[in-house]
Every structure is written in structure tokens, then in C-alpha cells.
Amino acid sequence: MEYLVLLFTTIFVNNLVLSRFLGLCPFMGVSKKLETAIGMGLATAFVLTLSSILSFLANEFILQPFELEYLKTVTFILLIAVVVQATEMVVHKTSPLLYSVLGIYLPLITTNCAVLGVALLNVQEGNDFIQSALYGFGGAVGFTLVMVLFATIRERLELADVPISFQGAPIALITAGFMSVAFMGFAGMA
Amino acid sequence: MSNPAGSSPFIPSSSSVTKVMMTVVLALLPGIVLYIWLFGWGILTNLILTTTFALLFEWLMLLIRDRPVKEFLFDGSAIVTALLLGLTLPTLVPWWIPVLGAFFAIVVAKHLYGGLGYNTFNPAMAAYAVLLISFPLEMSLWSAPLVSQPETLGLLESVQYSFTGSLPTGLEFDALTSATMLDHVRTEVGLGKAVDTIEQADVFGYVGAAGFEWVNAAFLLGGLWLVYKKIISWHIPVMLMASLALISGACFLIDGSQFINPLIHLFSGATMLGAFFIATDPVTAPTTSLGRIIYAAGIGLLIYIIRIWGGYPDGVAFAVLLIGLTVPLLDYYTAPKVYGARAKYEKS
Amino acid sequence: MTDTTSGNIIKQGLWTNNQALVALLGLCPLLAVSSTAINGLGLGVATMVTLVLTNMIVSSIRHWIKTEIRIPMFVIIIACVVTAIELLMSAHFHDLYLILGIFVPLIVTNCAIIGRAEAFASKNRFLHSTLDGLMMGLGFTVILVILGAVREVLGYGTVFRHADLMLGEWAGQLSVTVLSDYQGLLFAILPPGAFMGLAVLIALKNKIDRIQMARQVSVESVGVTFESKN
Amino acid sequence: MEPEPSMKSLRLNNNILSAGWMLAITALLGTALMVVVNWHSQPYIKVNERQVLLKTLNTLIPASMYDNDIVNDTVLLQDMDLLGSENDSLIYRARKNNNPVAAVMTIIAPDGYTGPIALLVGVNYAGTIQGVRVVKHRETPGLGDAIDIERGDWILSFNGKSLSNPQATGWKVKRDGGEFDQLTGATITPRAIVQSVHKALRFYRQHRSEIFYIEPTTTE
Amino acid sequence: MKSLIRFRGGVKLPGFKSLSTKSPIQKTPLPSRLILPLRQHIGESANPVVEIGDYVYKGQIIADSNSFVSAPIHASSSGKIINIGPYTIPHQSGIAETCIVIETDGKDQWHPNIKQCDVPGSLSADQIRKKIKQAGIVGLGGAVFPSSAKLKPTREIDTLIINGVECEPYITCDDALMRTKADEIIHGILLLRRVLNPIECVIAIENNKPEAIKAVRSTLARFKEENIGSVNTIRVVPVPTIFPAGGEKQLIKQICNKEVPQHGLPYEVGVVCLNVGTTAAIYDCIYQGRPLVSRLVTITGEAVNHPANYQVLIGTPVEDVLAAAGGVQASKVDFIMGGPMMGQVLPDTGVPVVKATNCLLVKTPEKSKKQPVQLPCIRCGACANACPMQLLPQQLYWHARGKHFEKLNHYNLTDCIECGCCSVVCPSKIPLVHYFRFAKTEMREHEVKSKFADQSRLRMLARDARLERIKKEQEERKARRKAEREKKKAANQKQKQISESPKASSG
Amino acid sequence: MAILILTLLALVFGLGLGYTAIRFKVEGDPIVEKIDALLPQTQCGQCGYPGCRPYAEAIASDEAEINQCPPGGEAGVQSLADLLGRDPLPLNPENGVAEEGPSMVAVINEATCIGCTKCVQICPVDAIAGAAKHIHNVLDAYCTGCELCLPPLCPVDECIVMRPVEQTIKTWKWNNPETLKESEAA
């Protein structure tokens, strides 16, 4: 139950994108089409979950015993880079179209703050192993969820009579703003 | 060769956006009148402010965007938006709240998206939510029903309060307001009190919140008329009420000392307004029957979740906005089977 | 496209390819810490320093980096620089460091930085790369500060409050109360306000670009008639 | 021309190795840099961190009142009921000339409007409140957050209060018949805090001797 | 009796039918010129079998085709062929297609071979089918599908539906036909029954035509009394007045409670549906031996002086028909062929009446009236409720604007029957059907283009391969020649050596 | 200590990365096919590449922008943008302008054709038939309208010209109601 609540909270209440401001670049960049959004969402979700587990382990068994906490950023980011690179190559090999679509974004998962952010937040909040894993997983689900919804809305916006200056990124940001207003409805839960 | 490009049909459509919107306005009237009757002139002040400024902003935006002013200004949609926004505001609020609300609804939520028909978010609700998170204090001070106020404000006094923030001498603001029923329940349950003792409070009426139950009933009536006039389809209001009743009923049955009964949920807060006038906003609701059913059921569920566990006493606005995010998906995946598609399926 | 004159680098960084307004990179810190102008300035400067340093490093070792492992290389370099900056900030601007919180280490993942390393520094000469880092960082900082100032004015009615956190005690007086007796529009400093604030800034830039383009077109057509006369 | 299989794997190995070495060298240099910077910064950071805490503590208990190392003179005690936390609560102790003068308790008000509120309560030896500060809360911006000293003076209304001033019946918000103001439109938050502070005072009365005479728990 | 099933969607429309039913059926005078397009039906167009200068009799075949789905064209009157060439045809595009033009000689003389059939009762199904085909009979209900093709189903037929619904406003030609020629219609049905062997026959008539219903019913009763054929399995079913109750698919749903499979044909559910006019034409062709040379056309509209139903020779120019109807009042009018819901604007009035022409509607155009500007779609869903095919017009509209072909397919654009229901209920006054027609043509072009691109790619690859091969062959040849030359050289040298060596050895 | 651990980590990761990078190196690029399928196959070379496929390859390897094919028009750019998840760009005027209106095919004036076979050799889709010294003919159904065979290639002026493909009922298109709406509003 406690874990369910944690999951719910990380997905909705403290949504990575909309209330924690993490992972915004891919959120804005890869959400023009639904299919790409789903692809990116899933890729990120995978990396996010895996790396939050790995970084927990690294922190627990390498950094803390040796009192090297100040190296956590470097260590985590390296871990993430490895996970991403491996994912990238597997995708490249198995689904060239997905690869071409995700294009520059796959390596950019490395620099998706959500991934590093979750790892750091896990340390900051002193989460244990299961909590860290859930936190990573929930964050990933939340990220994918809003990304997919955002993409469907953006597809619809494509034909809307948006004032010229607001076409493209601005109206997408406004939409993200309203989405985060909507998600504030979950505020105060759990 | 007067019109070589013309394409049939050559019979003009008998309905028009203006007609649709004006029907909605008419359907709102009984509720509005009763609301004013029970809760005071402040509501009228709000409605006038939102409507005036909504039209003003609409006009400005049309000018800026170089769109035909006459047709769009008189399509009536801005008026519906303004009325719904006005109706969701607390009775006594400073003037800039309705004005800012009208700005957010018309300029940001509607015209930045392309105006009538293109907006992704329900303008009235988007504006309401923005106001609520910006001014939680002002937005959560609700008037008590007139009958339980020692003294009441006249029309002029309400206007005066709205613009200057000053009340007639000798009147305390606290005397005019009270926690709403939903708020009260939240607070008291939070203190560990049992529901049946809470229900003794005078914020409760016969079936719902005192006063609000009548307003809700009036909106229900107006809404039914809209269904009859085929302006809205039954799916949304019925499913919304059904899902709200179902989940609140379930919780009530499980633990009647913690949860209030479903009838109260249906007849308090903005339930009826939401079910018949807000969730039904054609632009932001799905267009397929199945989509509408899922949408409305989702809204009912979320209203309950937010009312009970969320930070805000009423959840209609957030529920509508949240489920609204899924509308494009719903629209895509709930397309009805076309004529003959089933036959084909059977054949194969 | 790849015009690498200094003038162009400056223009690219500050305007045409502004990381925040055009490339839409580095959005997280941009939106997260821009609730006041000073926060924005603090993070902006930190980001700029990182950008300059990493661009310098990457550019100087660009010939040795293998393509397969360039991303991890960049990441290590950036992470080291950022950690160093983080430690220094914590040591010397502790209050600001606390406010910026997790977003200081997150400079590592500011997409703008790795983006520049990949797109510019790994292909260009040292000086140009340094300039590029400086200009990109400056462009980013300026937007951060503007966005911060706008949100601060709307949200609190002040600009440069808490300037002392960054600049020392004397700067406390920098804080300007723009709207006195102002209740504050909470919306502006909450997440949605950040999104919408940036939206308005980008729209403004688009508008300015279009006006300029229109002017340029008319100038060009004049130029053409001139030439044809010659 | 295809290289011979053995040649190919050789080349592969070479590539992998050199890539690895390159990364390793970079990491080495980077780490060296960090170690140097860390070595330079660590003392400052320690001071800073202490300073931050001290600053808050000093707003509750003026520096002139004590002469001990208040930051490190701490004790961990647990009382779910009165201190609001399942875990140990940290208590800072101020002494002058080795005589106890005041304590700062970290407590939790569990029933805030949107979750628990973490508080620091400073009491002098006699049990009169020196001051209360909110350390962490998630109350609604614009409503409940007026308890934060940044946003309002309400929290100062505890100064000088004690278990006898007012009496137990007065330790409530005005709406419930007590002495403390509620915040307009937000009663729940103040109610929670008033209750918790009152409990903390009761805890203090019950455990005063333990608080001051137990050996300090090292926080490191 | 089975109860009627209400088909989904549809709209109630004002009828405007009395306009043209006030006067009895009239005949238009013989025009001086008849213009007969070679393509007046769905399917293969016919090929001329006459030449310029030929004299033709009325009813003589002037163009024919061997294709199964096609129909011959007959001369509608006697006279001389004066031209075979492109003339504007009654089509929205105003494009010219090949037509045969006859200058009438005023005698209106039938071809000598055409005479009444003495023994219609003894004809076999195949013979009937053949005669129908030769008579050029196509569906007169609007789709002009060659009727003979419909009469050869590959499956047993349960129900033959005779479509006398005539749901479009203004049009009354079927109504007039049923009131005056019920005999012929029923004779036609009896013939069709011989061909198709259905279990039952249904004559569907909209319930706003009580007189037609009465006429057909009383005729049926009379047949029964007089024992002409067995009419027991023929019944008249009044259907509610909801547009498009007369649409084949909607009618089948109403009467049989079956749905024609998507992209399928009615016979797959055991139904054949024919228009009453078609049925009467079949009677004409079998009993009188006459091919399809004229048809009833409703000439109506507020701007027509004498609106009524006219028997018009196919090929008569529209202007002549209108003149016969007393001319047109207003100067700025739209000439619409067909009804107001599905008809099309005529490019000019020189175009001829064709087999498909059931109505000429002359209307003051909507644009000249005060028509409000088209507003954006407010997604009200009225169109989806009205759509008899259960499509989502608002989504189709949205994607038609963006030319999202994939999405258009997802939402089944091709199933749209262009009935116009969605347009007439749209509060935003969006010409939805126009968007769909536009999108359909765009989509077709897109398909053609991508097919063409594929073809071009293949041709280019083939060419590259060929060039490659040629080059290789050339090289090979060169190499071979070189090798040969070298061989020869070597041989020569050897020779030389051989020839020299003795010298050397000798030397 | 720190140095040791991080270096060790880096070494391990570096080896891992190096291994994956080289082991999983991808050969061939199926995306080229997808891009090529979207190009109009006119083979006209206006994009600056010798035919559609080379251009597709150039796009796939990021050498060329997606807006260089005039025959494909804005619609072509749009579909490329959709495929690749990029922003659509306006057509690059340097590559020529998209021809509005009916598509064109070449016709050879039989009277002036000298049978030089130059056109036969250049036509990328073998749409010209004819043997040396004989009159040549364009097969309408295959001609892509690439204009490669026009003078100056053809030595005779006015021998090969382009003419619009005749419109039939089948190729006729409804006008776009959207443009109608705008003219109305104006």
C-alpha cells in the first residue's frame, strides 16, 4: 500500500515534468508526433528505471563506504551514459526507423535531467532500494504519460488557427503550462 | 456559371453556433436566478464583470488577429464561457479576479489556441484553476446562504465591495462567509469526527449543501432541457453523475462514518453545473459516444478523488482539465464502427 | 550554415540560435530556477562558466576523441567541471547554492552544454569554441534573468530581491520594489507560470524576427533595384 | 578487402582497449581536479553548513545566551505522540557556563493541510517559548504558507508563550475558542501547529532533565 | 409483418415537393439537337458505332461496349449524326468528354426493328437480362449502375427492394411515375422476379407520398383480382420521411435489418435494390421493346416558371428543357442537376440531360442570400449524429484540412456516401461534404502519384541495370578483344619466335 | 582513493562502451528506402543530387536538408518531416520552385526530330522510344516531366516541348474549400 501511494505520488502529484521541471528538453523536443513520443517515452522510461537502480547501488556500495559522496554526480552520470549508450546501440541495431526518429534524442537521454535528477533525488531523500526503484519507475511512467498526452494534443494543435507568433514552441509551452495547472489538481494528495 | 465551385448540399444549415450558445445561456438562467436569490447580488456583479470583460477581450483579440469581428463576437461562446466562469467564483471577490479570469479564459486559453473551436482546454475551467492557485484565499471564501447571514449586501454594496474591498460599516466579512459544505466535511473528517455529527452543521441542507442543493437542482433542470433540445447528448451528464454516485456510494457503504452519502455529492459544489454545462463543452469534450462515456466516467471519478483526498475542496475544474488531456486519444481510439463494418467482421 | 566568424558566433549565441529561445535546450533549469532574477543570474553564471570551460576543454582535445565514445567523454568532462563548480559554490555562495539546490549538479545534464560540445566545440578551433561557449552561456543567462525578473515582478512585485545572496551584503539594496502594496500573482512563480512566461518570451522573439525579416525583404528589394541599375 | 577473422577481432580488441583507456585517463584527470577542488572547498563548506544551522538557531536563541557548541551539543529522543515523529527527534541544547539555558526541539506537526510540517521550537530552561520556526512544509502557497516567517508574522505569536500562558484551554485557535489567531481562510494549518507546539512544551516539561543531562549524541 | 428498423443518423428536411406535383406530367418538345455523352453510366464508356453523317433512327444503338459493366447508348430521336467530339458534360468540373451529336429531323421515327414483344411471359431469365443490357438500362435512382450487371448475382436473393422512396427534397419524378404508371412498375417487378427469384419483393415508398402509396397498393390489388401474375409476395412498405431513407444501404437496414458489408455489395446480404424508374424502364424494354431513350425529369425550383415533371429525351440540352418549362425568372441563379442534397451545379445550360438526370433544380444561390461566414468546427457532434454511415465527419473534416491521408483512412473517408446530412446540420456552416469530395480527389491523386513514383523507380532501376549490363558487356567484349589481341600478339610473337628461332639457331 | 575508484569505474565503462560501440556497429541504413519512397522519383536532379535515391541517401546521412525537392513540393517536405520527426521547412528556392498546376509531359515534334537519340539516352525512365535516325516518341504514361530531354540537350529548337497532361474526369480535383473560405473572409 505504502508503495502504491509512492507510485501514485511520483506519477501524478510530483510529476517529473510538470511539477519538478525535469526532462523538459525531450518533453518539448520529441513530442510533435505521437509515435515518436511513445518511442522516446519508453526509451527514457527504460533508462530511468535502470539507472536509478544502478545509481542507488553505486551510492550504497561504492560512494558511501568510501566517503566519496561529492563524486556522486560524476559517478551517476557515467552510469547513465553507459546505460544510454548500450540502449542506443541496441535500438540502432534492432529498429533503424525508431533510431532515425529518436535521432539526436537518444544520446540526449544522457543529458535528460530527469534521469540524473531522479538519481540525485533518491540520494537526497535517502530512499531505500525498493523506493529508489519505484521512484525511478514511477517517474518514468509519469514522464511517458505526460509526454504521450502532450503529443496527442500537439498533433491536434497542428491545424489550429494559432496566432503566428505563438505557433510551434510557444503554444506548446502554454499547453504544458495548462497541463501543469491541471496536474496541480493532485496537489495535497498523499 | 454563377457558382461553379459550389458543392451540394444547397440547403443551408438551420442551426447556428449563436443559436446553440444562446440556448445554453437560457438553460443557465434558472440556476443563475436562484443562485442570486439564495446567495446574494455578488454573483450578479461577478457575472457582469466576467461577461463584459470576456467580450472586451474577445473583441480585442479578434482585432489583433484580424478575424471577422462581427461573426465571432456574436457567436455567443464568449458569453457562455464568461457565465460559467462567473458562476464558479465565490460570491464576494475583488473586481480583478473576474477580470483576470476573463483574460485567462479568453486570451490565453481560447485565442492563443486559435479562438472558437480550437482551444484544447476548457477556457472557463482553465481560468478558474489559474485563479484558484493564484488566489487561494480569495477563491475559497464562500458566502453563506442569505438565510443564515445576519445581514445581507444589496446590489450596490456588492459592487462597492468588489471594487473597493470595503463593506458597509458595521459589517464583518466573516459574517458573510462560511466554509462550504464540502470544505466543512473535509475539515471535520480530518479532525476525526464522524459524519453523522458533522451532518448536523447548518451548512447541510436537505439533500446536499444548504442553498447549493437548490442551485444544483436548477442547473439539473436547465441541463435536462438542453438534453431535450439536443444541444448536449445524455452520455456526459448521465455517466458523470453515475460514476460519481457509484464511487461515493461504494465508499459510503464501506464506511458511513468517514464518507458522506452520494446524494450529497451530487447536490453540492459544482456537480450539476459541471455535469450538464462544463463537462459537456463541445469543443473540449470527445465527440464519440464511447469517448464521451469514458470521459465523463473519468471526470466523475476524479471529482471524487480530489474532493476526498486532494488539496482542493471541489474537484470539478481539475477533473475536467485532467481528463480533458486525454480527449485526442479518446477521439482517436473510440471511433464508432461505420455502417457495414460489423457485417464485414461477421462475414470473415 | 557553418559561418564561424566571431560576429556570427556572437549573433548565434545571443539571438539566432539562443539555446533557451530557439534550440529549446536547457529548459529544466531555465524554468525551475527562474522564479526570481537573482536565482536566474546565479544559475546562469554557473552554466555559462561550465559552458566556457567545457567548450575549451573539448575543443582542445577534439582531435583525440573517438567518435564512438565521444558522448561519455563529454559527459565525464562536463560532470567534473560541474562538480568543481558545485563544490566552489557551496564553499563561497552557500545560500544561493541551497536555493538552487539540485539544479546545480543538474547543470551536467543541461542539454545545451553537451549540445554545444557535440555541435560546435568538437568541430571548431579553441578560441572560437571559447567564444561560442561564452555567447551561448550569455544568451542563456540573459533569458534566465529576464524570465526571472518577469516572474518576480508578477509574483512578488520586486526585482533582484535577495541580491545579497549572490553578490554580498551590499547588494541587498539592489532589490527594487516595482509594485508596492502588491498582493502577488502566485501563478507567476508556480510551475505553470514558468511555462507560460517562456512561451511569451519566445513568441516575442518570433514577432521581432518577423518584423525584422519584413524590413530586410524590403531593403533587399531596394538593393536589387540598385544593382540592376549599375 | 575483408580482414582475416583473427585480424578483425584483434582490431576490435584494440579499439575497445584504447576507448577504455581514453575514458579512464579523462576520468583520472577529472577526478584529480575534483579532489583538489574538494580539498580546497571542504573546510568552507563545513563552516557554511554549520553557519546555516547556527543562523536559524540563533534566531530562536540569541548567541549571547549561550557559550557552548550548540550545533554539536545535541541529543536524540523519541516520542511519537508528543514530538510527532516516528523517528528520533533532534534536540539542540544551549548552555552557559555549563548550565542549561535553553533547548531547540525539532518536531513535526503531522496534520497540516497538505502533509506534515517540520518545526523548530526554541524554549528557555524555564519552559517559555523563545521562538518557533517552520523548517519544511507543503501548505498551499498563498494560504497556509503564511506560517513561514518569509511570508508572515503569524509564527511570532508563539514568542513568550508557555504551558501556563495561556492555560491548556487557550492552546487553540480562536475559532476553536483558544487564543491563537487563525489565518484567514486557513484554519487547519495553524490548528496543527498550535497543537504540536503545545505538545512539544508538554514533552519538554516531562523530559527536561533527560534533555539536558544525557550525554550528547554525535551527529556525525 | 416485419417492423421497420430505424437506420442510424439521417435528418428531417423540408420537402418542397408540392412545387412540381401540382401539374401533371408533360413532354418537352423535340429539340433540334441531341447531345449524347458516351459515358452515362458507371463502368466502361461505350464506343461509337456510327460515323459523322450517318442517319439514325430513334432507338438505334449508336455506341456500345462489350464490357460486363457498361451500357450501350441509343439515339433518342431520328436524325443525322453531325459530330462526334468533346462537349461539356453535366459534371461539376465543366470538362468536355466525347459526345455524339444528332441533328433531329423532326420525324422522331423509331427504328424499324423496335416493336412490341408479343410473348413477354415466355422469355427466359437470360433473355430478359440480355434485352435489358441491350436497352442500355442503368439505375435511374442516381448511381447509373448498369442494371443488367445487378441482375446476375452470385448468390441467392432473398429480397428485391424497389426503391420509390425519393427522399431528396424537390424531386418528385418517382412519385409521379408511381402515381401514373403503377401498372408498368408492377409488370417490371414481375419480370425482375423471374430473373432474380427473390423470396419477397418490397416496394419502399416514403410516407409523405400517400397518393403514390395508394396508387401502387390499389394496382397491386387489381392485379391480384385480375390474377395477373402472382403479386402475393409483393408488398408496399411506407418508410418514414428521413433523409436519406432512400439510400440503398439505409433502405436495406430499414427493411431487412441487415447491413451491407463495408466495401461490399447488397447481393452479399441477399438483396438487390432497384429504383422504380429503372423498373418501369425494364417494363418498357421488355414489353414495348424500347431502349432507354427518355426519362422523367423533375424541373423545379422557386425560379422556374412552370415547375413540373417532364418526360425528356436523353440528350436534350438543359436550356431547351428549361425553355419548355417556361424559362427561368431570376438572372442570377444556380442550375443544379439532381436534388439540393446531392446534386451538382451545372457548368452551363448547354449540357444535355443524361440518364442520371432525375431533376433540374433552379435556385437562387445561397451565397447571394445573406449567408453567415463559416465558423470553425465547435466539435458539437451534430454531424456525427446525422451521418447515416456512422462516420465522424468532424474528424474527417479536420484531417481533410491537413490532408492527413492515413488518418482519413482510419476514419473511413471512402465510406462517405456524400449524402450531405452532416453539412445541413452543422451549426458552424462548414461545407463538410465539399471537404470530403476535395479530400477524396486529393487522396486519389496521391495514390496515383505514389503508384507512378513506384513505377518510375522500377523503370529507372531497370534502366540502370540495363546500362550496367551493357557497360559490363562492352567491357567484357573489350577485355575479350584485348585478350584475343594479346593472344594473337603472343601467338604472333611465338610465331615470330618460332619463325625467328630457326633463324637464330640457324644464325 | 577517489582517483583510484573513479578511474577504475571509468576503465570498466570505457571498455564496455568501446565494446558495444564497435560490436554493434550498424551496416546499411533502411531509412534510405523509406525516404526514397517519399520522393517523387522524377529523377530530375533539381535537388542537386543525380536522382532521387542519392538525395535520399544524402538526407539520411544528414548531408542535405529535406527541402530541396521542388517536384515533391511542400507536401513532400511535410511528409519527409513527418517521417524524420523534423520541422517542415519552406522549399529551398535555390533548388527551384514547385510547379503549381497540372503536371507536364514532354512531346516530340515529329516534323523536326532528327533522330539523334540524345533524348533516349538521357531519359531516366526510358520514356522515349525510337531508334537512331528515326523519329522519336514520348510514352506519356511513363514520362515524369523531368525536363532533362529538353534543349539544350535536344539539338533542335522547339523539337521537344513540355505540354500539360490533359485533365479528365478521373484526374479532375475538387477545389480546396479552405482557399474558398479565405477569399470569402477577405
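Think of it as A, B, C, D, E and F in the order they're written, each chain with its own count starting at 1.
One rule holds in what follows: a residue touches a chain if its C-beta (ideal position, glycine included) is under 8 Å from a C-beta of that chain, and two chains touch if they have at least 3 such contacts.
The shown structure was predicted, so the numbers you read here are calculated from the model rather than taken from an experiment.
Distance from the centre of chain A peaks at E, each centre being the average of the chain's Cα atoms.
More inter-chain C-beta contacts link the pair B-E than the other of B-E and C-D.
With centres taken as mean C-alpha coordinates, the chain found closest to the middle of all protein C-alpha atoms is A. Between chain B and chain C, the centres computed from C-alpha atoms are 41 Å apart. Taking each chain's centre as the mean of its C-alpha atoms, chain A lies 57 Å from chain E. Spacing of chain D relative to chain E, judged by their CA centroids, is 83 angstrom.
If each chain is reduced to the centroid of its CA atoms, chain B and chain D end up 43 Å from each other.
Each of residues 7, 68, 108, 114-115, 118, 130, 133-136, 311, 332 in chain B touches at least two other chains.
Counting partners per residue, chain F has 2, 6, 9-10, 13-14, 17-18, 21-23, 174-175, 177, 185 as the residues that reach two or more other chains. Along chain C, residues 66, 68-69, 72, 76, 79-80, 83, 87, 186, 190, 192, 196 each make contact with two or more other chains. By the touch rule above, chain E contacts chain F in their complex via residues 39, 91-93, 95, 97, 373-374, 401, 403, 431, 434-435, 437-438, 440-442, 445, 448-449, 452-457, 459-460, 462-463. Those residues of chain A that touch chain B in the shared complex are 148-149, 152-153, 155-157, 160-163, 166, 171, 174-175, 178-179, 181-190.
Those residues of chain A that touch chain C in the shared complex are 18-25, 27-29, 70-74, 77-78, 80-82, 84-85, 107-108, 110-113, 115-117, 120-121, 124, 164-174, 176-178, 180-181, 184. By the touch criterion stated above, chain A contacts chain D in their complex at residues 70-71, 74, 78, 187-188.
Considering their complex, residues 8, 13, 92, 94, 169, 249, 253, 258-264, 268-269, 332-334, 336, 338-345, 347-348, 361, 363, 365-369, 371-373, 375-382, 384-385, 388-392, 394-395, 410-412, 415, 418, 420, 423-429, 431, 433-434, 437 of chain E touch chain B.
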